[in-house]
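Order as written gives the chain letters A, B, C and D; numbering starts at 1 within each chain.
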Amino acid sequence: MNGKHSREITVAGALALLLLALGILAPNFYDLQPLLSRTTSQMPALVAAIGITLVIITRQIDISIGAQFSMCGVVAGVVAAAGFPLPVAVLAAVGTGVVMGAFNGVLIAWLGLPSIVVTLATMVTWNELLRLWQQGRLMTLPDGFQWFGLSQATGQGIVIAVAVALLVSAAWTMKHLAAGRHVYAVGTDAEAARLAGINPKWTTFGVFVLMGALAGIASVLNLVQSPQVQPNAGDGLELKVIAAAVVGGVAITGGRGNLWGVLLGLLLLANVNPALTHFHQPPYWERAIQGLVILLAVVADGMKRTKKATA
Amino acid sequence: MTSARSSLKSLFARHEFVLLAVIVLEVILFQQLGRRFLDGANVSNIFRHSVEIGLLALAMTPVILTGGIDLSVGSMMGLCAVCFGMLVKQAEMSPLLAGVLSIGIGALGGGLNAFLIARMKLPPLIVTLGTFSLFRGLAEALTEGSKSYSGFSPSFLALGNSDIAGIPAQLWIFLVVAIGIWLLVHRTTLGRSFRAIGYSPEGSRYAGIPVERNVSLAYILAGAVAGLAAVILVSRLGEARANAGIGYELLAITAVVLGGTSIFGGSGTIAGTLLGYLAIAILNNGLKRITAHEIFDRPISSVSNEMSGMLTGVLLLVALAAVPVLKSIAARRSRAGT
Amino acid sequence: MKPILQLSDIRKSFGAVRALKGVSFELLPGEVHALLGENGAGKSTLIKVITGAHAPDEGTLVVDGETLRSLTPSKARELGIACIYQQPALFPDLTVAENIGLRLKKRSAFARVNHAAQREKAAELLKRIGAEISPDAEVRSLSMPEQQLVEIACALGSGAKIVIMDEPTASLTQKEQHLLFAVVRDLRKSGVGVVYISHRLEEIFALADRVTVLRDGESVGTNRVDDLDEAAMIKLMVGREVAALYPPAEGEPGEVVLSLKNVSCAAGGVQGVNLEVRAGEIVGMAGLVGAGRTELARVLFGITPADSGEISLNGGKLTISNPREAIARGIAYVPEDRRRHGVILEMPIAHNITMAVHPVLFPGTWLRFKAETTMAQDFIRDLGIKAYGPEAPGGSLSGGNQQKVSVSRWLATKPKLLILDEPTQGVDVGAKSEIHRIIRGLAKDGLAVLMISSDLPEVLGMSDRIAVMREGTVTAVLPGGTGAPEVMAAALGQNRGKEVA
Amino acid sequence: KPSGGAAGGKGDGLTIAFLPKSKGNQYFVTCEKGARAAADELGAEFLFDGPTNSDPAKQNEIVENWISLGVDVIAASSENKDGLSTALRKAQAAGIKVITYDADAQPDARTFFVNQATEKGIGEALLDNTASLIGGEGDFAIITANLTAANQNGWIDAIKAHQAAKYPNMKLVDIKPCDDLKDKAQQETTNLLSAHPNLKAVISVCSPGVPGAAEAVKQAGKTGTVKVVGLGLPSENRAYVKEGVTQAVILWKVEDLGYLTIQAAAALAKGELKPGDTEFKAGKLGTMKIEGDNILLGTPFAFTKENIDQFDF
């Protein structure tokens, strides 16, 4: 029992330490406005992280989410540029995400293809399609898109509120609804789940569709933060959120993990770079440090397991 | 029972056959639509430009056979390239010695993966995701992000840019490595054990196979080959930089999986990997030669990178989906037949 | 009486394997209906059709008057069909209560889980079957028999009208078996139909009302149990008489091959084991499930190396720190979990057989295919492995033949000491007697054999001496021919046997 | 001569190949537009291809492919100076004329460099503009694409040198890479603003970085207090410039750069332009000056609130 939340505690501890060090050495880090902007800018990643967490818990992986995110953003941008109002653009983004998620889902759940290869293939396909289509143009969105046409403070509030609401409801669902239990069960042992009357195919399919929808929502939350959208906005997003999930204690072997840990993992990784800036350190260590954090997290897992086994 | 086996066998035969057909189709298509496609210089180019990815794909095959994966090979190329540059340009070492050392550094990095995966029993996907960032990060940190090394001796540059007996120099190295890895995978007990481990690591341990050691060897080999690929890349470009090999891991994995190796481990062949690699390399090159046809109002040659990426993705999906679809068709037919 | 379940002309193939070739079966309410048959006869496949785990290719099911082409697991559950599978289908990361909750009444995916009620229900069910398991325990922390009890609680709790049990006693101890039998009788009394599969004929006689025998995917008839005796039943199963069940011992045992003094391994829970095994003798090892017999074997084979004590082989002291060393020293271990540790199902038989002799058969690591095939063919012939050739994948064989492949792998190492762990678990009578004959033959050729088995008659019938383990140590060594009561008493710790100093 | 006009798809016309640093970038899309126009004017066949990611081997691959295709002249902008030079030398050895534009290769790997402005010129223009905005003193930071980009490093070095020489009271506090992602530039700038409270200006030397930095400054409520200056396209920055978030966007006429490059390339291939020339007639652009082996496009241009509406690229 005591080990159950040890990962969350470790990550929270590391995060607290980092935040404390920032508080002492660079108190400006806590100025309200930059803090708010910084937090808002991480919300799209948080929403995508919810999706990848569910995917990993079902013992799958999705490396196409960055591509989905980019695609959804561009579709929303095109729809908006064609003169449709914001809600239509939002629907278009989410709808595009759902379609791409369903495409992955069909191949993985029904044809039983390995998710890492399927999503690798869809990742390059969507990314290159976007390049072919958009040639890397920065798209300008119509007026009234940024911050949903509201003030900056309100807009940031909405972005954060939407992401947090999604996080809370996803966490609640995972714990209190049968569906959440099904996701864990399928990730632990799909055949046992099937025998228990759960449909692993629909569950897996559903999770990938949800992943797509969340990528769509995330892209919208990103879209409203500036008046322009870049067609490759999602580059590297998949690595960022997978890393957050792993650092947050989601087992890559499926069946284990929770969203609060992922939130902590994301916050920890997302603050490495600002911390380097605030400590006036050169930026070229950033990637190495992020790699180390991931390795430390898995090694900690390994040590814990070995200890358990010998005890 | 015999029919079960023969139908399974024909399926595998079919997979490599299909891949071969794809390659032939590509060649015919590009020869028809492209400009000077089967020209000697261009055929050399196909290999010269893709040897690094081919090497990574070869080395990735044993890793995937054991049921693992190595996402760090591309980053490892960056690190080895930078180290090679430093050794030659700062430590003034001979390129040969520096090359050997770079391969050693690759093996060392592979050793880190091996230690974490084989000894500590950590999931390969995550370990190598971590070292993917770590190796690239180290390469960037070593060069402070911006330094690069160039001005290598012409004899070293010849490795990447000249021909020996009419064949690109680096292709000879590739062939030697390919034969070596083919022998390893198909003709030695080590190769046999890779499969056994891929199918059942526990079962292999109970059979007395040194699982930890053999898995380690697969990752160390992958690291060493990444080091070799880095040296070849540097000699081709004449410049060593932290961003060498960016994204190559995904291309290598694509080639391996396209070649019919199961991502879950156990089954797969080097011949398949070579065919998968060829299919990608030819696609990538051939599209560049189509200057007379357009897509989205642009000549295909001017969007060849986008097109080849997209088509590779589609090809991968089709190749993957073909197996279960064919299987279910075969099953239906055999049931109807009985 | 109207049957609650009726199957007619069920056919099912896996690829080219025709597992069921037109089986009909019916189950009455309030009866225990045994399903008997050799390995691979199709019993598990048949019940998977009933539970909706497999869709039949042809045939129909009538459940409670409703005619169906096929089922899904959740539809089966709605119809009141519950099953305890051969392998427990539990979720190790979830708690006992959560596991039971998942298997009870099907609710919509978006219904809210009531944690307290679920826990209460689980506690009540566990109490009803008399299991002392906490509902909050994570399933991964439970022993095999405890997991089996949770399975039983699941089946019971679903309020099913049809309960299916596929070899439920395979990993149960005596005590839990009694709990299970009580549950079965209880179910019968309340009008539930029970389908019961077991290879242990004594259980069939103790529990079942009727028995249906499957042979080779076909039903060879349904009889009242009272109308049959053991011999008749066996004849139905294998289609011939099985004469002498246990081959007699011949000759005198020779030198001491294996000698253990105070061997302990904390990680495996083995403490101070003393034991001797001689060339040419079979030492049977009895004990309750969880007594630590497998753990001792794992210690001897170097999987969890010993941390103290003395192991000698042919008089020489040695340490064994991994399986490779054990093999080099002449120890062979046929593991109990055939599918996970014994044979690699996807690999050809030939590769499976040569796996432990790579350094010997392939000196200098180069594979020699011809030598490999020859070796495999020899074993296929000598042990009578039924397969179409050395290149047949392990998974295409029946359980008994897989076991023979597993034994072949170890005979190929030319061991001095052969450790067999549950060599006939889940193996049908025909294959079983053949395996017994092979084991006896090996002993006759001078091999020292340590045979772990939970099948008491097997231990009694085969052993030259019987070692009994309890709580991680050998508590008694009894001479061959000792009666069942004495062995059971020693296993249970009722101090009647001859204690070893 | 192993290759030559014979390869041309359009009769005996020239085949000109045009290589950008990367394709996913409005800057090079605009450049290509001018280049294509020039090629059409000259009746030459125009080949265009470039890398879509930051793989340093991609440019070499494309050039070597053109060599075997037998083009007449290659015009290239180098992402990795030394690396690309290896391939360009091969092209020269195969008898293909080579010209560079936008970002130079090694001098021995090409005949001319079409210089839209020297590294020094660009660096100085950026810094002079910034200095005049902040009164010649105070902290400033730089946003770059990535730390490995060759000509961006060149500009940064020029900025550093110029600052040391001319603006001793200014201080470069940090250089941050944004991976050519606007959103990342925005986040980096947000961090810079709070990590360096005295920051007076942000200079972005990559084009997606300019709107990114501007958005961060705007969100921080520091419009006008922290100046934003950068190299970028007017179209991508118009709104910020008009709002007064971005003070100046510096660029040359990108379309003209492409146009001039192709004109020069064609002339070189036809032998009308030779090393040592001091002038060159470039179609509709008129006569351009040549300094050494640099063909000069003219000085960079600063787009400001007042003039930005006059430009549509």
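Simple rule for what comes next: a contact is a pair of C-beta atoms (placed from the backbone, for glycine too) under 8 Å apart; a residue touches a chain by one contact, two chains touch by 3 or more.
If you want to know which protein each chain is, UniProt gives these names: A = Autoinducer 2 import system permease protein LsrC; B = Autoinducer 2 import system permease protein LsrD; C = Sugar ABC transporter ATP-binding protein.
These figures come from a predicted structure and were not determined experimentally.
The set of chains touching chain B and also touching chain D is given as A. For the interfaces B-C and A-C, the C-beta contact count is higher for B-C. Averaged C-alpha coordinates give centres for chain A and chain C that are 45 Å from one another. Centre-to-centre spacing of chain A and chain B amounts to 29 Å, using the average Cα coordinate of each chain. Computed from the mean C-alpha positions, the centre of chain C lies at a distance of 73 Å from the centre of chain D.
Listed for chain B are residues 140, 143-145, 303, 305-306, 309, each touching two or more other chains.
Among the residues of chain D, those in touch with two or more other chains are 23, 52, 147, 177.
Under the touch rule stated earlier, the contacting chain pairs are A-B, A-C, A-D, B-C, B-D. Interface of chain A with chain C (complex): residues 175-182, 184-185, 188-189, 191-199, 255-256, 309-310. Across the complex, chain B is touched by residues 61, 107, 111-114, 116-118, 120-125, 127-129, 131-133, 239, 242-243, 246, 252-253, 282-292, 294-295, 298-299, 301-303, 305-306 of chain A. The touching residues of chain B, counted against chain C in their complex, run 1-5, 7, 187-193, 195-196, 199-200, 202-210, 266-267, 331, 334-335, 338. Residues 7, 9, 23, 45, 47-58, 60-62, 64-65, 67-70, 80-83, 85-87, 90, 146-148, 153, 177 of chain D are the ones that touch chain B when the two sit in their complex.
Listed in rising order, the residues of chain D touching chain A in the complex are 22-26, 29, 52, 147, 173-177, 179, 181-183, 186-188, 190-195, 197, 208, 211-212, 215-216, 219-221, 235-236, 239.
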